[in-house]
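Common to both upcoming complexes is subunit A, partnered first by subunit B, then by subunit C.
For the complex of A and B:
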């Protein structure tokens, strides 16, 4: 993104400008019909120009970009994209010196010309737009690149646009991916799980929409094939001081509103599913493993049904505890015993190969649920609780009405396939006294509440953006967190397909967990990454986590070898003995 | 029960004694076959004598009893029976002066004669029996009388017997009830829910069994018709000092063993279902109603779906709170609103009229379960949790393995009939934030954990013996307890059919909750009864209960107009604000 450009809109007269554009763009009929279609558009005001620019001009732009601009792959929790510029030049190319890029310069002049801004203003009915505050970037999406759901709301942005420049001589097919997808909102700041409209990019087409805080949610679908989807993306801002349409205080008000919206969005946690709610154990239960009892015969037999017996020997317990107490982290390979692991591996792998993978929220059937909203996360999960209704009324009820606790045994009995049944059994096992006792021994911490969630991250759909944990209601300012990785497919090691779970440290306590910028800067200096666990089979990662640690699960690529499967657990802890 | 009798076994010689008995009793073949049948008997060593006494003698005994002995109806949590004697003479008739009862005197001499004791000893293979420590009582069971499951173990008892004296000229039919029923034990001290053998009483028959701590569980089936089932019941004790077979210290050892057994039985709480486990709420949830917030629009709408709107007005809330704070007790009529109550009434009443009532444990199908063991309670219930397997292994697993929480919404989805579904919905409602907020307001207490149980007490089967609550793991030495009475049938007011829930005060803190003697003495002085709520429709009783309060639900008579239905709730409370 570029800073405000310096005086550059002086060279072209009206005629010059018009000649940059396609023949029909300024036609009265075209404008009228576009205005009408935008007014009636769903899920919010958006539209597109077909054949927007003069073909030659845009082909030249493309050539210049290909020849002169260096792209660097950038990846955070929210995107993976080739950005113009390199690591040494974070702002991308130098928009103040476009001397080597005359066509790009001309294009920008046209985009921010009075004529075109008036046109955009007219068809979107969004008020005047600034000609001096230009704001553009050039990106390339290649195979695996994506940008997850967000509403584009920052500061004074008024209209968002994407001008597409894939190969001008080829048709961009839908199955290539890379589409712009628009998400309706259930209520402001809460996008629906699935997009309702999508725009498939073609050369010389521009999609645009009115930036509306809490409403204009969209994403860029992952590019699925070995094609380049080049685009120039930018915003029109509200008029600046001295410009036509400038209103004293409007920018401040818009910016304040955008900040307010973000704050309100935090209050909208009631729309988050699954909720971060750890359920306290009864004191009767906690007592049974606080007295420092070793694993007894029952425990050993019970644990051995699922667990690797090597993890239950006295020596191993001592060495695990020593390591955990030193490092606050354990990565245990082969948590499950050989026979059970083999059985479960076969079940999960067959399930993902033989059953139709649910795509949209409505296709997910209980006991599986869909994590929402998608500007925070999307994945399939089981929490052992009854289904919630995804309506305003249903969410209200889930938050304020009936409060019921998870029960994986009941869930088990309602599961329709063996894989789901086995996963609920395993979750139930993790709620057993014996397992808690084992945990208590190897961590030297007393678990006093828990939340267990079975998760499936589907290729081409799922992820969790960076978040921190909420310990405001915990006795300790940290909790115990475990992930049992149960991904049966192979070839995840490179991280190319995403699906890894990454923890990183933040330097401040601002709790800006949802801001991808934090990770972006963190990723630049690699030492802030604490743990990065690739999707894998039968590995249990256990750590003490405090609110300064951000964690995310990277979006799983459409081309991944399968889903990432895991069981995620959190325990509040007590240290009093 | 009589104290040790004074020197009375001197008058009769061996021949006199033999003449008191039926012709075949002492025959070698009879003895041999009886001994064999007892050795092979199930569920524990027991047998019976047919035509035990000389017919004339026993008819005379019956006449004397009918003429001379006054019976008084006694009722506690564990029995309802006409005992000989009256209120002024608690020990029944005067066994030291049987001058007006020569046949009874003769009968006792015969029962405790050397010859007969040797016979009993021989057939039961239980060792020598005392002739000086006699221990008998005369009881009449009429319609509605019963004695619930117990193992008869007190002190030095070695053999238990019941000599039946119903009308000698009529056959006692099975459907009259009044049978002796024997219960197998799953493990020592834990009787099975249902009897496995029963003995239908006839005139001049005697049933007897070896008293075995933790094993010899039996009951007297309720007499179902307008007939008198007169009986003489008693015990043979171990030989006393000076008697043949006396062993120094044996009595003390036997008594100690019996005490030990009772203590061990307390440790066997793992076999109790449902367990008294109140599950803590998450701190997030408690927060939502600790700030003294009034009921908001959502709450009012939500509560009104089920509740009587009159109970939600500000004035009513204030008056309810005032009354509760003063009395620690509220009895609220019409908790449920008119329409919902009507709907539910119809459902429950049709259910009990139209569906086959499950009798034995195996007939009860999930989500309903059977409360066990029956020397503590028996009733059908739903706790919102998965089924437990009633085997030693299953109980171990339920106690030490998987720990899952109730979820009535999931249970609801697995219910097979509409009545069950509606009752789980109502339970779920009682777990709602809004209902807890209402509770918090009317009690001025903060509920911090709960247990909700739907119960059905079936005619001819169900009861809860007097117990106290366990607050050892609570913050306060008291808890909040509520019963929503949902019995749709009428005519319970007299208490004749049982099914009432009675609370009484104990004077000491000895926690002798399971000892029916406490209630017996309490009932004599009526002022120790705190509350007695008859089975009724749509009444909510709410009280603060501490461990000094005993509570029981009286056995529901076979002839009751229907089942007692209710929802029972307990909440741990916090008073810190």
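For the complex of A and C:
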């Protein structure tokens, strides 16, 4: 948590404070109309100040920041942003910094002054705000930087604000990206897939909103061009003990509602789509490959239709098994045979080049569906099951009504284009007994249930935040997991465009005491990274995954050469007797 | 047999424990460290990998392919050149290509020493490069490679060694460099080598080094054009800012060391670049067409060559579009604005003809550079087609057909890229209204 600021001796009086601000800010009419517009705002209570600060002061702030502050790139599953290293939190500013950053210091005093706090409190009607607990940092978003959907609810935060400082002499255009986007919630704690409102940043404008548990979902749209979107971002907190407006127990109550805890809550998983449901195989089927039968003539012919024949020879099967048993991991290049891969490559690539990519949930048509909610993931997928309606009633029905098993062969009949048809065929193939038999041989494990999902991660939209697997209903405390990478476009190797699937080990030893704001471990330069697979063509990654492994798919950049496509599979497993 | 550990995470933890209990002190073995410094040198399939000159060529290629930013490789090349030179015997003289590679490497070394305190350092690298060329030319006076290399080194040294030290108020002194004479020397050397290539009809000599020479001259002209306004271009450039960030010409004093080049010769130099740049593109075009037509899978060398030739083609396209700017503007001004019937000696018809000729060539070059995998290359063609449409008569059949072709490509590129080209497309469609 941010440290409480040192008590400053420099006191600004009311007049000094007001001089820091733009001329109209404290005008009664302005306050009135702002309060009204916030009251009527959608999707939740938010507003913005235009020309908030005195222009010269803010230009000086920008100059000081440019000159004095060093930024480092931080990237995790949820963001990519340049953070100020030495001044990660401006509440830590002390006398040494005062000489280097006089305008920044003045700005902080003004932002947390009684006058301005009262103003924010008045227009948002959110109650009193703390003047001792200051909490702000400087970030810069350059091309490719983003921050995915979250609700900001941590600890005692009451109001979030972002003060924008892009180039003061240029207009920030919408297509540069970097907007603050607000998401309505279907029900509390479940944001809609797509944003409903957005605020395009301009110099000396401040966007702010009341932090509302389960409601105030927002993101920072990726910056798409080579520009700097500099901002000072922070929070007003609930009054602390001894301050005007302090209420015993209020902070604890707010903390209890924290997003992190709610992510864990069982109830809300009703709204997660696709669900992690693995369908058990019949005992007859399992028995047929438990006996250790080798691949027979039928299997070989069947598998060769899709698979690279080199992966079916006895020698190769032995070496694959040996490696997998040792390492719990296999990365198989060219799983699909040359001719089939060429055919599929052409289909997928021309599909993404020649048909319009669905951008919002309602544009996605069955058998494709949209993974929701976006504070966990967003991507297009096919699971071979019936469509679900994204309404409160629809979700209830999906959870409690008819529970049919997936059937890619049927889905195939509904597909409107050849690419979708071929992908459902391939998914069917992965559900074949011959394929399971091959899996059984190379893993020396017995697959007993499965879930197969075709996924498309669209540039500028999609990702999966880090999650672990649920093995509570499994025989073993681990799952077999495979991803067949089917991304047909090139130039993903550097990871610059995201789209990589990364697994890392959780460190259970030092979980206590971490800043809850950084609840996702850092991905860069971390020795906890177990495997990182860039989006690529025709590569099959197979692993045994236990609950200590976190996995995520990094947000795919707007500037990526195409979508990341893959087929993701999970199997419950049994050990050989 | 030990019990199997199920799970990637659990196994990693176990391994970690095992490693930390076995090797408590050592953090990284020297093996691993040295591996990070290993360089993979790619040689063409058909050459003898034991031949030292082939190895040098491979090293140079590795350096060039790595965006020329690996000083270690460059130092390696120079050491290798030194060694070959020391071991040179009377009977087996090193070829001209050796001298040109050595010279280019020395000249590139200056890039890594721009921050050095002593200015003479940069000069020292360029002087050494020029000396190497001169020594090579003593043995091979008609060498094509050395002729091109000489031009390359001169184009590289002018901005780094001279222009970078000047500001708008600089004054010529008695020992100031004569830029015009230097440039003339480079251009003549290039022309002489180009002439020899044409006589020999050996267009494979027009390789990346020669292309880099043209690009270095292109860069030089850009640096000259932008002289005195570097600051205004500090932020990243995006297409939408072109209007806002248009480069304004400044006025230099006659005593300024750049005066002659900036005010008097830059148009002439640009014309030279257009002529010889497009000539380069045309001369290598047969090779490009041959590779494009090939239906069998291309070898690594062929793939690399195709990639290179497409880059050349795209560059030529850009260059010709730039050349078309002036006549296009004149044509548009005379035809659509109420103004003079003649501007800078151009009538509307003459300007139109010249603009069309340049842009048609540009379209061809861009088409050759088109890449099924890369929507940006389709947009290059589309944008050139829009430029061409703009210099056809208003609502003529040609104009309508050309815009339609552009629209088709733009629509596809826009689909493929998440709407990245919506603005250009909207612009084109509103033109149609």
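Some notes on this structure:
Simple rule for what comes next: the second predicted complex is superposed on the first by the 533 of 577 C-alpha atoms of A that agree within 3 Å, B and C clash if a C-alpha of one lies under 4 Å from a C-alpha of the other, contacts with A are read in each partner's own complex, and residues count from 1 in each chain.
Keep in mind that, in the parts below, a contact is a pair of C-beta atoms (placed from the backbone, for glycine too) under 8 Å apart; a residue touches a chain by one contact, two chains touch by 3 or more.
Keep in mind the model is a prediction, meaning the values are calculated, not measured.
Look at subunit A after the overlay: subunit B and subunit C fit there side by side. In the superposition on chain A, A:531 contacts subunit C only, with no contact to subunit B. When the two complexes are overlaid on their common chain A, residue A:241 makes contact with neither subunit B nor subunit C.
In the superposition on chain A, A:282 makes contact with subunit B only, while subunit C stays out of contact range. In the superposed model, A:458 makes contact with subunit C only, not with subunit B.
Rounded to the nearest 10, the superposed model shows the Cα centres of subunit B and subunit C diverging by 110 degrees about the centre of subunit A. When the shared chain is aligned, subunit B comes close enough to touch A:409, but subunit C does not. After overlaying the two complexes on the shared chain, residue contacts for A:477 are found with subunit C alone; subunit B is out of touch. In the superposed pair of complexes, A:67 makes contact with neither subunit B nor subunit C.
For the overlaid pair of complexes, the smallest distance between C-alpha atoms of subunit B and those of subunit C rounds to 22 Å. Looking at subunit A, you'll find no residue that touches subunit B in one structure and subunit C in the other. Listed in rising order, the residues of subunit B touching subunit A in the complex are 277-285, 287-288, 298-299, 302, 384-386, 396-397, 400-414, 428-429, 431-434, 449, 473. In the complex of the two chains, the subunit A residues touching subunit C come out as 143, 167, 170, 173, 175-176, 225-228, 325, 327-329, 349, 352-357, 359, 458-460, 476-478, 489-490, 503, 505-506, 530-531, 543-549, 558, 561-562, 573, 575.
Within the complex formed with subunit A, the residues of subunit C that make contact are 4-13, 235-238, 240, 244, 373-375, 412, 415-418, 420, 423.
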